[in-house]
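Take a look at the structure set out below.
For reference, chains read A, B, C and D in written order, and residue numbers begin at 1 within each chain.
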Amino acid sequence: MTTQISKHDIQHMIAKRVAKELKGPLTVNLGIGIPTLVAAYMEDDSIYLHTENGLLGVTDVEEPDVDPNLVNAGKLPVGEAVGASFFNSSDSFAMIRGGHVDVAILGALQVDETGVIANWAVPGKNIMGVGGAMDLLVGAKKVIVTMSHTAKDGKSKLLKECTYPITSTRSVDLIVTELAVFEVTDGKLRLAELMPGASIEDVREKTEAEFIEQ
Amino acid sequence: MTTQISKHDIQHMIAKRVAKELKGPLTVNLGIGIPTLVAAYMEDDSIYLHTENGLLGVTDVEEPDVDPNLVNAGKLPVGEAVGASFFNSSDSFAMIRGGHVDVAILGALQVDETGVIANWAVPGKNIMGVGGAMDLLVGAKKVIVTMSHTAKDGKSKLLKECTYPITSTRSVDLIVTELAVFEVTDGKLRLAELMPGASIEDVREKTEAEFIEQ
Amino acid sequence: MAKQKHSAAEALAAVKSGDVILVGGFGLVGAPLTLIDELTRKDVNGLTIVSNNLGESGKGLGILLNQNKIKKGIGSYFTSNRDVGDKYQRGEIELELLPQGTLSESIRAGGAGLGGYYTTTGVGTDLAKGKEEREIDGVRYILEKAIRADVALIRAHKADTLGNLVYYKTARNFNPLMATAAKTVIAEVDEIVEPGELDPEAVITPHLYVDAIIKAQQVLTKEGVVSR
Amino acid sequence: MAKQKHSAAEALAAVKSGDVILVGGFGLVGAPLTLIDELTRKDVNGLTIVSNNLGESGKGLGILLNQNKIKKGIGSYFTSNRDVGDKYQRGEIELELLPQGTLSESIRAGGAGLGGYYTTTGVGTDLAKGKEEREIDGVRYILEKAIRADVALIRAHKADTLGNLVYYKTARNFNPLMATAAKTVIAEVDEIVEPGELDPEAVITPHLYVDAIIKAQQVLTKEGVVSR
């Protein structure tokens, strides 16, 4: 149907779409992967990036200015904005868990049809890492999920029910894939938008979860 | 028996005796009243005074240097030592409640014969203030109580049982009055020392609590 | 943006009757005197005030008290204002007395999204009455609940225009905690500077906590409270 | 006094088999690399390590892991070291996985003398299994217990000789919390200065928390970990 586009292009298309959602002033926490790419597309000066390892005011950094002790939650080098502040991990998570971060943008392995996500563990493997995912899910005022619409095996990642362990009982607010944008309202998915090049048939075919079409 | 000495002199005698107990390095919190006077008699350079309103490194201050925004827990002007630090109230009480303050020196209205004290409320009056008393009692590694041996009506303040509401179930470690020094061990008072000019008969007569005489 | 407000009245626009209000300060030190003064002029009542003390007789929060605008006080040391006891005696105010460490920890817990916590402070005393007690690893604790509010009125030393705050000496006290635990946080400061002028390592209250800033007009000096 | 030690070995003198040890850092950033290195040379075992992660395969705490000195790991992200999973599979290590916010909050709670606290994080998930759940004011919380330790190994930027500490950028992370929650706190720093050289308003860890200080010899640079 659509011409094959690269994984790189898909990721950037999703990131660009998410960036459109962000109207400042906002404090935003970006997860690892696609969410990190969102920063490059944000156009509003009054969006402040929070990273849970202890910085409000994350910026990009160019190679000559890389500081090994200034990194984001993905352990990638970052810069600090004018007006930034540093704090310890419990103060950082107090911001998250206390509801002071406006938006969290996260990746997910699965989303169910009520907007509950699984993004930290796979059954049958040892449960080895959770990081700040559960904290962000309960604490952020708004949660946006970015992910590919289907898994490597072609199966939908938008399911009737998550088969992986859930991250929180809280429903996310928005889901952006390479095919569609879904809003979650009253525990139901609603197709808000088709992504460039995607058709409603694509979305129907590749979405196991029930969703409202308009 | 002893010649009448002034309240001022009594207070300073008690403060001086308490100061002898303090061998640095120590972090010490001084309560309001007689405890505040202890500072003047401390001779060890490595004693650091903590005040629960947010300063480690309290010093005396002379009138020209008084800063209205630099006070101790009694709201009296103080100075700051070289190497001092400021912190907020919850960090300050985390120090106290987390067991990081070595010694608290407090006043008391009553002490019972197990070393439990009452120092924050009087029955029949409205209960209006507690401040940091209960926090210091549970948290300080060592608690030293300073008080006059008897109340204004002449009755002993060292009682079989407190008639006022207790501050904590924890026994204090040392009690210093104008007549005697008592150590508290295994929930029993032991007379450790007579104060200058006091006789054992004085102490027996004015102490309702059971105590071990040697 | 535009966190900087032109007047205390503008900054207090969101305050309404029935609100729970955190007020910083340890006595007058670190108290938001300008905002308190303005609050006494505002037509609101039924307030719950969370503050270490309720001012002094006829001063600061003491004026608000005498205006009968305070329905309930939560604090650790009401003794500093004799009017509080009189009002309590007459049944005109509800009071909740907390150990000072519990007051500060509960406000922090509110800001950090916690429901409550177990502390040893107060165990076995009159202030533990009605509170759940439990043993954890052989130690007795009581459950204290988090405190959250509609509004926080705080005092800082400097703000940048983004809302980052630093404090001054022992005027810090409850203010940084209160900045985390209210829906609307209003700070009065000595000076407002440009972003970049505060050291990122030394910012105490990051700007995401702060909604409005005004310059202090009532200031504590050696000679007492002075208008400027 | 004499908090300043001449060597990492001297600083670690108090560490013994069976100890619970807090280790600062988020990956290598803010990790006390010199002290970890020395710990791998020390003849101790049966350690419980509380740290966000257990190093990388064969690096930092990863060496200690491969030496079979770690009985139990408490952290939020063991994924950074594949050896942890293998050892766990073979039943050679006990693991307790906590959300990162819970890990940091529990350490703070330990330092503050609390028994535990109620958090919404993890409610309804596999990580809530076996944990007490309760509703407070209509919200579901789980009980998390405080974490306390025998020893904390932390990384700071500067210390004064009294033991006051300041940190550097995102190398701060867990270090100031860990400084509050152990009986013995050992800090490695870039620089040791005289009292009075650190701004009292900007000290992050007041000296009462710190027992020993050494100068860092293993340092994270753009080129990786370098001995100096």
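Keep this in mind: contacts are C-beta pairs under 8 Å (C-beta built on N, C-alpha and C of every residue); 3 or more make two chains touch, one makes a residue touch a chain.
For clarity, every value in this text was computed on a predicted model and none was experimentally measured.
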item	value
Chain labels contacting chain B and also chain D	C
Mean-CA-position distance for chain B and chain A (Å)	55
Distance between the centres, which are taken as Cα means, of chain D and chain A, whole angstrom	29
Approximate Å spacing (C-alpha centroids) for the pair chain A, chain C	36
Contacts with two or more other chains, residues of chain C listed in rising order	105, 108, 112-114, 119-120, 167-169, 201
Where chain B touches two or more other chains, by residue	80, 86-87, 90, 93-94, 96-97, 138-139
Contact graph of the chains (line, ring, star, complete, other)	other
Chain pairs in mutual contact under the definition given at the outset	A-C, A-D, B-C, B-D, C-D
Interface residues, chain B side, partner chain D - complex	24-25, 27, 46, 48, 50, 56-57, 80, 82-87, 90, 93-101, 138-139
Touching residues on chain C, where the partner in the complex is chain D	105, 109, 112-120, 134, 136-137, 139, 141, 145, 166-169, 199, 201-202
Interfacial residue positions of chain D with respect to chain B in the complex	1, 108, 110-114, 160, 162, 164, 180-181, 195-196, 198, 200-201, 203, 206-209
Complex contacts: residues of chain A adjacent to chain D	51-55, 66-71, 75, 80, 86-90, 92-94, 96-97, 121, 126-135, 138-139, 165-169
Complex contact set, residues of chain C against chain B	26-30, 52-53, 76-80, 84-85, 88-89, 95, 97-105, 107-108, 119-127, 167-177, 204, 220-222
